[in-house]
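Across the two complexes that follow, subunit A remains constant while its partner is subunit B and subsequently subunit C.
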Partner chain A sequence: MIGLALKMLFGDTAKYLMLVAGLFFATFLIVQQASVFCGLMRWTTATLKNVAAPIFVVEERVEQVNETNPMRDTDVALIRSVSAVRWAMPLYSGIQRVRLDDGSFKTIQLIGIDAASFAGAPGKLVAGHLEDLRLPNTVVIDELATERLSPDPKDPSKKIKIGDRFEINDVEARVVGICKAMRSFTGGPYIWTTYERALQYSPPQRKMLSAVIAAPIQGMTNEEAAAVIERTTGLRAYVNRDFGKNGRDFNTSTIWWYVKNTGIPISFGTTVVIGFIVGVAIACQTFYAFVLDNLKHLGALKAMGMSNFRLSVMLIFQALTVGLIGFGLGLLATSGFAMGALKNGQPPFFMPWQIPVAAFCVIQIICMIAALMGIVRLSLYEPAMVFRA
Partner chain B sequence: MPDPVPSSRIVVDVRAVEKNFGEGANRIHVLKQVHLQARTGEILMLVGPSGCGKTTLLSAIAGTLKIESGEINVFGNQLEKMSGGALTRFRAKNIGFIFQQFNLIPTLTVAENVGVPLLIQGVSSGKALKRSREILERVGLGERWKERPNKLSGGQQQRVAIARALVHEPPLVICDEPTAALDAQNGEIVLDLFRQVARSPDRAVIIVTHDNRIFTYADRIARMDDGEIVEVREQDQNHTPHFEHEHAL
Partner chain C sequence: MFNVFPTLTSMNLLSKLLRFGSIAAAMIGVVMIVMVSRTQAERQMAPPGDPPLMPPQKPFAEAVAATGILEALSENVAIGVPLPGLITEVLVKVNDAVKKDQPLMKLDDRDLRAEQLSTQAQQEISKAQITVSEAQLAKMESQFARLTSVTDSRAVSRDDIENRKQDVRVAQAQLVAARAQLSASETSLKRIALLIERLTVRAPRDGTIIQVNIRAGEYAATSPKTPALILGDTGKLQIRADIDEQNATRIREGQKAYGYLKGDPTVTFPLEFIRIEPYVIPKISLTGSSTERVDTRVLQVIYSLVRPADPPLYVGQQVDVFIEAPDRHKKP
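Here is the complex of A and B:
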């Protein structure tokens, strides 16, 4: 009967394509928008990925990594004094402006790290030497900066390279290294320099320390050490893992802050809901029309002795088949979009396995609703009706 | 033309059947104390004007319509006492259907259409296809088993429908206006064929029609009017069935 169901489905080419198209668009909208949302949320934690320290100690009211309530410089020593801490280093993190040769300005995310230990330095340099940061007026930039800070971003030959110079707030900066880094939420490139020099690049304030990065002593977990730091210093200590991994995690705290305090989830959520509605509307309407068109044939099958159960199984199988095909094509199109996004570096795109699994379930639910409508219509159809031409 | 097959036993026994449609003032009494019997080896025609209850009675005999009162006994099974599932299984095994509009599934090939009753009974698609091709040979469409029904003429489609009704060798074949959608020439071809292949000593055939051109193909004719059987007439056993072109309605 499965073969019969498939032949009936594929035989009605127009409706079959309409069904697949509806489910394709629904899948694409749901998966693509959810992935862009996740990518955007991931960008909000870019500093935590680019500054790979196990513990971030911040001012007690800080809830997310892009919010910098400055601390006193003496807080570094205070944290170092905690018995659970193996090492603790100062960190500057702030948005600054770079002036280009043509006089235009670009926003950057400036990171200042300890010059002695380089704790918080970029993980992977693709050119130059990290040690050169100890030279005067030097910076390490990420790959995005080589284009963004270039006088002509479209011309690869004019990309910023080792030895090039620009100004950060009218103070000279010379490039001594290029690294890989995750893009920031603001879209600006990351630039690393020493903590002391970062303070020179930034407009002076009474307190300049953004955070203290630290590591626990041997035999103590990050969480335990963070708890001890909080208890001892009264500052806020977060661990740096990944979203949802830990209640004390700075990534999780940051993402939830954006979910609760911005309209981003509503915007993306609306599109995901629209995707669901598009899927339901097209799939249900088309599948119902498909059942109506085939009602006299299905009624004939019923009269000839096919049970309601078997007919229902046929309809469910047909609906699930178009669901699977529509979902597959939608996921394929999303993958195409993802390849483009990852190649260009934007828009943000991150697709954890939960998104396609959830989308698959949603699409199959849409198909089950469509099948259910058909089943209800068919169950109301008396087999005797088939004799009434 | 083969001789009429001697009738043997009563296989369909309809007793005092009543059926109404609608409620209150709109209630229509469609079947009124209907008594009818069909025997193996015969072609029984239910005839009468449109709206007299022929199709309703046929539906009730086929087990696709519940009756209000009375009894319908088919091959010893009292239909009104059977559960829905049992009735469905009973239809699948014992009844072959031929519909007025053929009701062939357009997306299936001719052979696949013919094999549907076998698939319903759980026969594998391979066996069903083999058996379908055999019976298509018998109705003269062996060469066209791969084609879609819409490529065939009305007469050929009805021959496919006949093949579908007989493929699982049911002891009862029910036909609803088999010539209504056919012109005179095709109607004659189909009826000749039908008499050859459907008529069997072990099978009862009931045809509902108001097409008086085909009455000569019947062994017995039950005439209905206003929900009642008003006459049951035996045909002359020596008559030659033919299509009454001159009396076509």
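Here is the complex of A and C:
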């Protein structure tokens, strides 16, 4: 019976390809667009990924990491004084402008970290030493900056190297390290320096402390410590995990801010829905046409005494097979896109395991809808009709 | 179950290729996506952890943190000048140990010396004046003596004698005046010497020169932005810790405290409580920002510490201070 179903399915190559193509496009659209959306949303939390600290303490009403309200310098001591805090260090984060030799300007994300402990320093250094950051007028840049700040980004020999200089707000900056970092939402590269120097690079304001990064004492979870900090200081303490249901998580809070305040989810959501509709439309139509084409054979089988149930199983099996192949091809195309995206660092791409799993379910639902239509048509078909023609 | 297909002869090569090709591609797709998610996982940033160099550990379960600055125990003395003027000589170097009253620097005193010269000349004149007056007196006395030695009262008139007598008294008074003149010019000389002496700035107490901000030839003002010299006792240091006014209620006298050198969290030293400054002052930013900003008021607590042999500590260094203090939400 299964052999027969497959023979029927592959019998007409053109129809088979048509069926697979519909599902392929649906899969590709859903997985690729959802991943790009996730990637883009993840970029908004790049500061949280690049500054790996368990707890971020910010001003009371701050909702997302890219838009902080500065605090007073003494708030570091205030947070340090909380018994649940093992250590707390100041952090500066802001968008500044770099002037290159040829006079052009580039925006950068400037991060200022504590010079003694380097709390908040980049995780992976490709070249240079973090300790050199204690030298005067020094910065650590990320790999994106080596291209972005070079006079000719297309020429690899002109990339920014260790020892190269540029200006941040008319103050000299010398590169002493190159690190790996995640891209920011605004597209500017990340540049690390010490907290004190970051203040010199930035135009003076009355308050400059963007956030305080902290860690809980042993035997206390990040969430518990954050709750204690909030209770004692009246500031807002977020934990730095990944996007999830945790309301105290800064990543989640940041992403939700973008979902609520920007049109990004709507535009991507529309594409995903269109993917679903296209999939359903093409798959159902083609499958229905396929069933109609084979109606004679199916009717013959029915006349030969095959039950409706067995025929339904055949149709469902055919739909499943097409769904699996279409899904696989869609994943192939997505992974091709993903390889390029991951290699270049853009466009944004981040695919949590939930996306392919959900896409698989969606594709199978499309197939089942198509199969259902075929089954309905078939069950209404009288076996006698075969002999009438 | 796929081995059924080769037996089917109705399909041509192309459709076979498409069929198997699509199945194979689908399988490759699944494998590829697994690889992609693995590459993606590799590219993730490290999860949050401890910084490369561990920040100072809190020595107490419940502590108030503060930033402090190292000072000399005697408190740093910013040496001033008595009057604005040009510095002619700085007699000490940084790190010099000085005794009380040791000269530190000299101001330009040429105007006073010029005055001294003219006063000295005045003194010579006064001395000469005395000699003149003495001679005058002697002359008058001898004339008077001659008249009085005449025994015949008719030979000299009474009037003459009276005149001579008065002349002697005038000459005596002139001598006294000349002597007073001399003593006045002597006093004037002493005064000038004292004023010159005042232009040599001396150490008000024993100590070490911590900073020299002035060099010979520079102009010293009476209220400069940076003091000309800073004198302090660097043998024993004290820490002035700034405590945010929000934490000020947790501070009591005699609480235990530890200091950590900024820049090297491994250096720790116990602190001994001296006093709490009774006046809460606006915080001066110690954290090295581009502009000094007053944003809060701070309570200052003074702690002393014995200078450790190693590493060397310097006056003016920043220190992270942890003071054992109960949480304000708990009743002691």
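The criterion applied here is as follows: the second predicted complex is superposed on the first by the 388 of 389 C-alpha atoms of A that agree within 3 Å, B and C clash if a C-alpha of one lies under 4 Å from a C-alpha of the other, contacts with A are read in each partner's own complex, and residues count from 1 in each chain.
Criterion: contacts are C-beta pairs under 8 Å (C-beta built on N, C-alpha and C of every residue); 3 or more make two chains touch, one makes a residue touch a chain.
Note that the structure is predicted; figures quoted are calculated from it, not measured.
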Of the two partners subunit B and subunit C, more of subunit A gets touched by chain C
Which partner chains sit in contact with A:N261 here, subunit B, subunit C, both or neither? Use first/second/both/neither. neither
May I ask you to decide whether A:G305 touches subunit B, subunit C, both, or neither, giving the answer as first, second, both or neither? first
So in the superposed three-chain picture, is A:P383 touching just subunit B, just subunit C, both, or none of them (first/second/both/neither)? first
Touching partner for A:L342 - first (subunit B), second (subunit C), both, neither: second
Quick one: is A:W87 in contact with subunit B, with subunit C, with both, or with neither? Answer first, second, both or neither. second
Given the touch rule stated above, what does A:L130 touch, subunit B (first), subunit C (second), both, or neither? second
Should A:K296 be classified as contacting the first partner (subunit B), the second (subunit C), both, or neither? first
Just checking: does A:K7 make contact with subunit B only, subunit C only, both, or neither of them? Give me first, second, both or neither. both
Hey, what residues of subunit A end up touching subunit B and subunit C alike? 3, 7, 10-11
Of subunit C, residues touching subunit A in the complex: 1-2, 4-5, 8, 10-11, 14-15, 18-19, 22-23, 25-30, 32-33, 35-37, 39-40, 43-58, 61-67, 242-244, 246-247, 250, 262-265, 283, 285, 287-291, 293, 295-296, 298, 322, 325, 327-329
In their shared complex, subunit C is touched by residues of subunit A numbered 2-3, 6-7, 10-11, 13, 16-17, 20, 49-50, 52-54, 72-78, 80-81, 83, 85-90, 114-121, 123-124, 130, 180-182, 195-196, 199-200, 202, 204, 206-208, 215, 217, 231-232, 240, 324-336, 338-339, 342, 349-351, 353, 356
Write out the stretch or stretches of subunit A touching subunit B in their complex. 1, 3-4, 7-8, 10-12, 294, 296-297, 299-308, 310, 382-384, 386-389
Of subunit B, residues touching subunit A in the complex: 55-56, 58-59, 62, 64-65, 85, 88-93, 95, 97, 99-101, 103, 105-108, 112, 116-117, 119-121, 125, 176-177, 180
